[in-house]
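Step one of this worksheet: look at the structure below.
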Amino acid sequence: MKMLQILFLLFILLSSTNALVQDFCVANMKGPDGPAGYPCKTEAKVTADDFVFTGLAKAGNTSNIIKAAVTPAFVAQFPGVNGLGLSLARLDLAPGGVIPLHTHPGASEVLVVLHGSITAGFISSANSVYVKTIHKGDIMVFPQGLLHFQANAGRKSAIAIASLSSPNPGLQITAFALFGNNLTSALVEKTTFLDDAQVKKLKAILGGTG
Amino acid sequence: MKMLQILFLLFILLSSTNALVQDFCVANMKGPDGPAGYPCKTEAKVTADDFVFTGLAKAGNTSNIIKAAVTPAFVAQFPGVNGLGLSLARLDLAPGGVIPLHTHPGASEVLVVLHGSITAGFISSANSVYVKTIHKGDIMVFPQGLLHFQANAGRKSAIAIASLSSPNPGLQITAFALFGNNLTSALVEKTTFLDDAQVKKLKAILGGTG
Amino acid sequence: MKMLQILFLLFILLSSTNALVQDFCVANMKGPDGPAGYPCKTEAKVTADDFVFTGLAKAGNTSNIIKAAVTPAFVAQFPGVNGLGLSLARLDLAPGGVIPLHTHPGASEVLVVLHGSITAGFISSANSVYVKTIHKGDIMVFPQGLLHFQANAGRKSAIAIASLSSPNPGLQITAFALFGNNLTSALVEKTTFLDDAQVKKLKAILGGTG
Amino acid sequence: MKMLQILFLLFILLSSTNALVQDFCVANMKGPDGPAGYPCKTEAKVTADDFVFTGLAKAGNTSNIIKAAVTPAFVAQFPGVNGLGLSLARLDLAPGGVIPLHTHPGASEVLVVLHGSITAGFISSANSVYVKTIHKGDIMVFPQGLLHFQANAGRKSAIAIASLSSPNPGLQITAFALFGNNLTSALVEKTTFLDDAQVKKLKAILGGTG
Amino acid sequence: MKMLQILFLLFILLSSTNALVQDFCVANMKGPDGPAGYPCKTEAKVTADDFVFTGLAKAGNTSNIIKAAVTPAFVAQFPGVNGLGLSLARLDLAPGGVIPLHTHPGASEVLVVLHGSITAGFISSANSVYVKTIHKGDIMVFPQGLLHFQANAGRKSAIAIASLSSPNPGLQITAFALFGNNLTSALVEKTTFLDDAQVKKLKAILGGTG
Amino acid sequence: MKMLQILFLLFILLSSTNALVQDFCVANMKGPDGPAGYPCKTEAKVTADDFVFTGLAKAGNTSNIIKAAVTPAFVAQFPGVNGLGLSLARLDLAPGGVIPLHTHPGASEVLVVLHGSITAGFISSANSVYVKTIHKGDIMVFPQGLLHFQANAGRKSAIAIASLSSPNPGLQITAFALFGNNLTSALVEKTTFLDDAQVKKLKAILGGTG
């Protein structure tokens, strides 16, 4: 009897207060995005699978010129992080591999080296350079929006996890932004001091036009 | 003439600048929730009633084992607080009544005692305990996400208002989280050090399975 | 033996992870304020008393012309709310009492009527007026930064608690801002359309100069 | 060959990480507003024109009693600022012109004088008055939610740009809030100390009723 | 000559705009903490070492009853993350090891399994249970403030990295909060429904008093 | 008598509620910076001058190779914007002048053209290019953290005001970050695909070493 009463009470207590409580907001990727993220999947349809992502278990394909790969687990790939203020990515760096200079416009990053050694660095607004070679188990932080890079510092493959302070951190690779689109060579040259020949050469390589 | 001109000016001034201005965002509870809350009800349909909630005027039913009741005025009950960063709840504690140990994952709380005396407390991450018996008119603050409780400290009924720093603060009652769902007894025991008999006894009482 | 090991483990676990963890930040009011609030009192000196405030238990003195009083429990009076995103105030309204038109530049407000009846309202950017007379137990929300007021609507005293979404909400009473300082009458008149005689009369009453 | 490989790699890198990345969120004004702003226009339909607004190029019409005009570029007029934390407005002040006392409930403001001289000021919660006459090229900041005004201080027209810390700052003009709507004269008088004759006179001028 | 001019210009440009720019804020742990974190170390004294932490490279000591260890890299251990919105921790789980039920009051968490298999889960405000066994390379997200746990699901040791959405996430282990401090047994029992014998037994084990 | 009572009441009301209220937080630049900004100057010492900055009235010196100048009014130059979420800068572009490709790691920007015509553009994470030539009175928005530039598009000088959504937006000029510091040529080349000769040429011009 007593037990039933407790049960009843808590049922009432919980059902009244928690109907529609938002602890999480698994993204409904069909919904329109908004400044704070995607609309939430109906809670009744959410399962444990929504909070798990297995796409980082497999190495990215580094059989390419930069000998490196980035595998993201941002909100687009892992809707469970929507609204929760963080996301991850996996970095694979074959020997000689490099993640070119880039920024995340919307997040700070902490990198954890899982295998191998990585030379990483960032440049501040005050134009100071902070570079270190870090090893398995070491971590390094890259403040939001600043140019940074990671390069394999050893003879074997390196793997790292990048932890980012936003479900949707963005990624702007400088070389691709300069040479891989239709920004005219004239404007690239004027705004970077690079030579015309250099710009045109890299535009040809990276698929840029103009 | 002068008057008409002022009138005209201000009409223009206001109509141009304030079309679609968002001072508030009364929740359209039919819309999909998002990380920042619910979509807004069309402003033209908003009336003063949207900003008033009368559901806290009546005492909750404390004829139960914990001799207590929580009546929320969160966004689900009171759509007018959507996006405004705060909400309320009413606590009724009959003699001997207690609000079991719980957390609000998304809000800090300030409790105001309206009638009677309440022994309340919280536990910090550093595992310090902060307990006080407070009386009519006194207030106590419980920092976000920390375990806290309220128990009637007198012989008569106690009433309190909980003010919360989110329209959607959440509520996780520890006993119900441990014993009132389908988390297996084995996992509960392993992760809490509780004895099997204790876990099974409370699972039976609180409706848990597994 | 087993017990000692658990104890030891948890001691280690806790002491390593929780040293310097910030669950709360009781204001050290001697420290310089900053954009996010005051520096924190040393955790070792924090006691349960820091989280309790008894100053709202006593009625404010309403023996004055507006027959009303506001008693704040903002961070200046209640350092325990520093950094926690909310604060409270008590309103006492004798028969005929009124809290003049005002704004809180930094917070939304939810008002709870504890005794009596109150006619309250606010005006939106779109210049719509939302007014209601609310009674004991009713609550009303006033969105951040908008002009609002509360007036005793009954024949007996009214008491209310205002819950605010900031530890430091600010308070700007329009009449006092217009007539209770050294803003010149010429500027007041030019920027409000009020007559010179009216401005000068109220400046005399409310202590304004210029 | 090498080039094609780089191209391929970067294409893969970019296409996998940036699908659905949100750098910006041009408002779809047909979508329902939410606490954080409007839903985003589909990125595929966004063009450079979405980030440009030409409506501030033309002077506002100051042929009116306050001899002034405000032209906003808030999210309603300029959907490109949705979610980006800022917006602008243009102020035109003919000789003798004035922007009446007002607040922005949701934003701080920095004013830049482009032509002429402006006497501007604000009043703090502590009821201090901060007034200055500023000239072409000078800037002045008005903290969020506080009453402020701008008046032409010279003999020629003045122009200024107001920069605001929100895409949707709101605008509440005190005189219009007091006298330009259906808030009853009785309530206005009670909550402002103004005389009945004054209130009724301005209600007549500014279109108020009640 | 041209070169010198560019150099000179950029020097001027940078030195004027970047003096005192804050890209990061390495914590000065001697300064008083505040609601937003610690004061910044003087930029001139910041080196690359401030952004690197090597303390996660070594396994925690799991020779204890829970056969597990948590090694944090929060702001207290890794001052470089101050103000940057994220931090990390390393989990070591020997066979049979478990991280007991706990919450982070101030952060969401994403767990990456580096070695072995882990059964992890969390409980929502709506009292739903989300449990999964995840393997090397898999990730799982735990929303802010909710009870969660991790247990070794295999026969070999497991290692994981927890990524947290705050430099100072806090950690409240339920068993320790209930039984490892001076909260009286009477209050524990009243607020959790646990039996007196159970509470006293665990208080003895976990070092609690009262 | 009545008047004195009102005066007394409001004095009490104001003095009790507003002591230590924070409407603004003029930076004390001698205090240590923190994640949310600088500590506040004592309110008693704050004057209207703290809210005014005259440093943008004068044209920057464009007698240099880029024929351009940026004059900031960030918190370092204009302490009055501390904690208020916005700041400004003035751009002067002589004929042929250009503000090289750069990012603001911590702010979105809205540009207002005051004189002349400017070709401006930004590149998104998805590598789309948004370029427009805008004229006197037009405004353009650049989302946070993305690469953007401004170039004089006419034959006469151009002037613009940049409004930024942070008191401390940061500024990272790509060319200077690549070639104006001690980041080794080897790392620059590896992370940008630029040729060694190009890197060394620009390092010589822009003062870089290594």
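Labels for the chains are A, B, C, D, E and F, by order of writing; each one numbers its residues from 1.
Following the convention adopted for this analysis, a contact is a pair of C-beta atoms (placed from the backbone, for glycine too) under 8 Å apart; a residue touches a chain by one contact, two chains touch by 3 or more.
All figures in this text were calculated on a predicted structure; none of them were measured in a lab.
Participant: Strictly by the touch rule at the top, which chains does chain A share as contacts with chain E?
Facilitator: Chains that touch both chain A and chain E, as defined above, are B, F.
Participant: According to the touch definition, list the chains common to the neighbour sets of chain B and chain F.
Facilitator: A, C, D, E
Participant: Using C-alpha centroids, which chain lies at the maximum separation from chain C?
Facilitator: Ranked by distance of C-alpha centres from chain C, the top chain is A.
Participant: Using the touch rule from the top, work out which pair, B-D or B-E, shares more C-beta pairs.
Facilitator: B-E
Participant: Farthest chain from chain E, going by mean C-alpha coordinates, please.
Facilitator: Relative to chain E, the chain whose C-alpha centre sits farthest away is D.
Participant: If I list every residue number at the interface of chain C and chain D, are over half of them used by both copies, so same, or under half, so different?
Facilitator: The interface is built from the same residue numbers on each side, given that over half of them are used by both copies.
Participant: Where the centres are mean C-alpha positions, what is the separation of chain B from chain C, in Å?
Facilitator: 20
Participant: Take the average of all CA coordinates in chain E, do the same for chain F, and state the distance between these two points in whole angstrom.
Facilitator: 34
Participant: So, what's the distance in Å between the C-alpha centres of chain C and chain A?
Facilitator: Here the centre of chain C sits 41 Å away from the centre of chain A.
Participant: Please output the residue numbers of chain D that touch at least 2 other chains, ranges allowed.
Facilitator: 6, 14, 18, 21, 23, 34-36, 105-106, 121, 124-125, 127-128, 131, 143-146, 170-171, 175-176, 180, 193, 205-206
Participant: By the touch definition up top, name every chain pair that qualifies.
Facilitator: Final set of chain pairs in contact is A-B, A-D, A-E, A-F, B-C, B-D, B-E, C-D, C-E, C-F, D-F, E-F.
Participant: In the complex formed with chain E, which residues of chain C make contact?
Facilitator: 2-3, 5-14, 16-23, 25, 28, 31, 34-40, 82-83
Participant: Quick one: in the complex, what on chain A touches chain D?
Facilitator: 29, 32-36, 61, 64-66, 68-72, 74-76, 89, 105-106, 168, 170-171, 173, 175-176, 180, 204-207
Participant: Under the stated contact criterion, what part of chain A meets chain F in this complex?
Facilitator: Within the complex, chain A contacts chain F at residues 98-101, 103-106, 119, 121, 123-125, 127-129, 131, 143-147, 149, 151, 170-172, 174-183, 187, 190-195, 198, 201-202, 205-206.
Participant: Considering only the defined contacts, which chain D positions touch chain F in the complex?
Facilitator: 6, 14, 18, 21, 23-24, 43, 46-49, 51-54, 56-58, 73, 78, 80-81, 84-88, 90, 107-108, 110, 112, 114, 121-122, 124-128, 130-132, 134-146, 161, 163-165, 193
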